[in-house]
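Here chain A shows up in two complexes: once beside chain B, once beside chain C.
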Partner chain A sequence: MPGKTKVLKKPNRSLAEQAYLLEIAKGLGTTLKHFWQGTSQMVSGNTPDAVKDPWADGIATISYPDEKRPYAERWRGVHRLTHRDDGSPRCVACLCCSTACPAQCIYIKPAEYAEGDARHGYERYPELFVIDELRCIFCGFCVEACPCDAIRMDTGTHMTAYDVKSDFIYDKAKLMSMVSQHGTQKSENPRHEPGDPTHPGVDRLHGGH
Partner chain B sequence: MLLFWISAIVKIALIVGTLVNMAAILLWVERKQSAMMQNRIGPNRATIKIGSLEIRAAGLVHSIADGIKMIWKEDWEPVGVDKFLYRLAPIAALVPPLCLFAVIPFGPTLYPDHARDLYDASWAQDAMRAVPMQITNLNVGVLYIFAVAGAGVIGAALAGWASNNKFSLMGGLRAASQMVSYEVAMGLSLVGSMMVYQTVRLDEMVTWQTQHCWGIFTQPLAFVLFTTAAIAETKRVPFDVPEGESELVAGYFTEYAGLKFGMFASGELVEVCTSSALLVTIFLGGWQLPFVQLTGFEFHALGIDLSWHWAHFIVVIVGVLTFVLKCAGLIFMQLQIRWTLPRFRYDQIMKLGWRMLLPAALVNVLATGMVLLFLNGGAHS
Partner chain C sequence: MPTFKLDDREIPFEKGETIIQAAHRQGIEIPHYCWHPGLSIAANCRMCLVEVEPPPGQRAMMLDILTWDAAKNDYVVDRKPKLQPACQLAASDGMVVRSESSHFVKNTRAHVQEFLLANHPVDCPICDQAGECKLQDYYLSQQHTPKRMLDEPVHKPKAVPFGDTIVYDAERCITCTRCIRVCDELAGDHMLDLRERGNRNEVVLAPGRKLEGDYTLMTEHVCPVGALTSRHFRFKARVWTLKETPSICTGCATGCNMWVDVDPREERAYRNRPRDNAAVNKYWMCDDGMMTYLRETERRVLEASARGDAGRTKLTVDQAIERAAAALKGVPKGWLAVLLSAQASSEDNFVMVEFARQLGAPLYLSAKAGWKGDKILRSEDQNPNRAGAVAVANNAKVGTMKDLLHAVSAGQVQAVVGLGTDSDAEGDALATLGRVSDVVLLASHDGPLAARSTVLLPAASWLEAPGSFMNVRGIAQPFAKALPPKGDAVPAWDLVARLGRAMELDLKYRKFKEVRAAMAVITPAANPEKSSTADATAPAVQPQTTA
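The block that comes next holds the complex of A and B.
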């Protein structure tokens, strides 16, 4: 039993198109137009700003390391640890991010603040905060998971290529040194320190719930 | 005699040097031209640093970098190659296109004794004191070109055979069949021109065109056919199935590295130059500039009689420059075609060669013969 056959329509080409020569001339016309446009732009130095106007006629590429296209505001780049006002990390070592991480690239060693510290009993701090950027898949789950807005991926820089594998292991100091696209190391979200009037005053050691 | 030998050596050195350097320059032209056509910036990062001075020369430095790279790259030979043929192949690919230029006249004959005088036809009697702007004036002219161009296939075929690689073998096979097929159409397309010019000598062809009109007007069909066949002979896009990288890696030169690969690549570019020079000589009046005679600028038409006499050496320089510029124009056109058209399929190439170009060339011969017979009043000429 014959199967279904699909009959393809023959392209309806005119004799002039079949002869090919005229079409070659047309194609050459198009490429020559672009050649002339590009050459005159390069010679006169009037190349369109491909960064600002990517759809302009003429030269459409940029000299990458010299010129860069801006990344979108929410583009996920290399992580950074946000700072508090006093320069310590906002991170409270709750391990939410390392738990959420599908690539298991975050390692945190939590530690207690010393006795007498205002934060003692309320929160912990990361003694070690290590991200293996080679393992990271840049999904942004850690940022979503963080309850304290302590980890962000708004640096606007992508992963650099290093020669040595150990250079890809970002420790706490390195992560703290990263700066956001807008040049800040902090976060715009408010932070309520223990002792502040806005702080709920509930702590882990003394209960209160 | 001394003048003959000195001028011959100088001409050979000049032509070979120019052609080999043209390969490097064409590499740059090709990259930059394609970049401009495709709305890109193109190569411009290679830099020569002399102190604080940075020379980029709009990407021309890349050609130097390529040359250095090819020379210093490891000359790696795969196991199991036919060593002799493997090493012979790049030479066989580069030498024929260089040799082709031997018979191409690139300027009017120079008479060094009369450099500052006005041209006089009587100088030609003292042939020993003449420097023809042509390495050698063979009486078989065009036939020599067919012979040497036909030898160009040997390099590709040998490379494909000697590499001990199936991709290379396929590439070599394709190169051989394609070049042999287009050799036929190429030869037949020029038969009409030879009938019109009544000669196979290239310098006499240029002289005929100087006295009558350019070959492109007497043989327009042959011009199209010969251009197509010449592009096919260079094995470049749209006729580059021999190296079609989508199916054959790099075709017949897959197994070549370093300078040997460079010889194949520059052989291709030299072939572009020589085919342009051939087209100029046979169809575009060679070194002749319209309205410029051996005595200078002459314009006698539309009731205007303009005569502007130039010294002999100026006429020669103008002739050589005209030839170079015409060649440059055709090279530009060939590169433009290379970056405009997509690659033909193998069967399309065979069809085009045997079923379109060959019959068209035969028809052209027939038509030319009929017209010539009609013009001569039916008499033998």
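The block that comes next holds the complex of A and C.
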């Protein structure tokens, strides 16, 4: 059955365009322009910052993994446990994070500080603090739940591809060894403990009344 | 019955009752800290303030106040009614009380709450009360505003030892004096008192004293905040991971109602708490009763075993039942003695009595001895179910352990089938049991009788199987299963029924419900479901029946 015929207009190309050669030269010109620009930037060391100025002329790529794009401040990376001034964990094993965790990937075994420690009978600490990073869904609820700012996800590190599953089980030592994007192992919120010289409060032992 | 009006509800009350008591009985909670249904009235926390309308024809007692007028951007002179503590104000007929419906009351509660929290350290992460703390609850339900006090809070002593069981934190304390009143009114020993005033106010021990006696843990139980914590429970668990199960204390024959808090993930009991029952223990339990959850895991019998020439050999439960049945089948009629246990549930004893009746065996009762009672809660008898064991025997004669040992030494017993491991006879007297050729014992814990058994079967403990106890006053009370049985343990009634079937007796019981139903028919006195005072599924806060 004969249908409707749509007649296409012939493209109106000039002779120079139909000859191709000139257009090839134009295209190569653009390539060469970028080649020389990039080479001169590399030689002179004037490469624009691919992160801060991604739309600048010149080389817009980075040499991953030698160079890495920093993640945003609020990006949720691998967890870390923050330190106190004396290097002990800020965590008091309140189990709020493991309670809040929807993936149930946090296991904490609380323990009491040893006899003689200033915190004995007053606080507890995590004897075991284990996060199964394979189960973790990186929702950040643990960080939200933590009343002590003891667990943070500001390491700026995403999960490494290990070849053994057990490597994904991060224990307390591993979590304590992680540093933040800014290189600190402490938290952004300093903690003043009773008895510390920094503690602003007064009690019977430290003057006042 | 006279009534008063609380918000929109008519609340009936008995003469002499206060507003909070009458409301509590109707299941309406007026926020409070210092008031406790089992203690005297202190009216010092000011949380239960309510608005009371003046009697007809009389002027309302009003206070001049300043209120913030947003339109004028200034404070303006206003008036508000003088609020009165619901815990102290006696109800009268036709009284009109406003609690939730008065914005004055709601405002005041928020302010009282803010004052109470002004010097609070807010150390909830390290506080064991977190999750069941009244300060937390009322912050969310009554206040919900940030603290306005900018000054550093007053710091007070933390982790002060109050004796061997309790640790005190003065910073968390709201000085409601509940603990002081428990010592005074329950234990009858004025061990605690307050010192200083205002924001330096704190609870202290009486000079030269420490918190001691049999009711120290009740101070922690009544503490509405985290000021008093139990040494046994502190830092062990978080309360929101625990699951409560209604149970009965096995410490003595009083049969205090209690909750057992277990962690279902670890399958471990973490604490006991009193369960209110006006007819038995009111709101209280003694320290020994509170600690029975620890005894449950100590020296457990977790596998079946038989004593041979070369010591004990491990068996499966089925093998042990076969071996016991084979040994008992050879015993001539009248030469077998059956030992009931005052420590085991009525259901376990009931099936044991059935077993004995079909074999025509005489009944004896083993029990624990060595315990001091008092006039408060603790019964002279240390066994939770002596009355129940006697009741399920259904008028049959039940001899004591001494009678059994006497019969053994007289050579009248060839074999014993027994429940439980405890014995009130010890040492040389108990050694006469060695003359019996076969001692088949169903025990949850190791002990003097378990050591002398020839075949030992692992029974479930009181936390691992449902059952019921009849207390010294004859009230049969059910308890529920809180934990799965450990090891190879099986409920004792099931072991007896299986042993009976292996001996071709007519013991058809395969489910707990069947045992309970049969017990209700045969020995209705021991049936806990008839006992209205003991409801295992009753809510934590039960209506108070005695004012």
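By our rule, the second predicted complex is superposed on the first by the 139 of 209 C-alpha atoms of A that agree within 3 Å, B and C clash if a C-alpha of one lies under 4 Å from a C-alpha of the other, contacts with A are read in each partner's own complex, and residues count from 1 in each chain.
Keep this in mind: a contact is a pair of C-beta atoms (placed from the backbone, for glycine too) under 8 Å apart; a residue touches a chain by one contact, two chains touch by 3 or more.
From a predicted model like this one, the values you see are computed outputs, not experimental measurements.
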| task | Tell me which partner A:58 touches in the superposition: chain B (first), chain C (second), both or neither. | result | first
| Can A:175 be said to touch chain B (first), chain C (second), both, or neither? | neither
| request: Look at A:122 in the shared chain and tell me whether it touches chain B only, chain C only, both, or neither; answer first, second, both or neither. | output: second
| message | Once chain A of both complexes is superposed, is A:148 in touch with chain B (first), chain C (second), both, or neither? | response | second
| chain B versus chain C as contact partner of A:110, first or second or both or neither | second
| Of the two partner chains, chain B (first) and chain C (second), which one does A:96 touch, if any: first, second, both, or neither? | second
| request: Could you pull out which residues of chain A sit against chain B in one structure and against chain C in the other? | output: none
| Contact footprint of chain A on chain C as seen in their complex | 124-126, 130, 152-159, 161, 167, 200, 235-236, 238, 240-241
| query | For chain A, which residues are in contact with chain C within the complex? | reply | 92, 94-96, 99, 110, 112, 121-124, 147-148, 194, 200-204, 209
| request: Please give the residue numbers of chain B that touch chain A in the complex, ascending. | output: 33, 35-41, 44, 224, 336-337, 339-341
| Where on chain A does chain B make contact in their complex? | 21, 24, 27-28, 30-32, 34-35, 38-39, 42, 47, 58-63
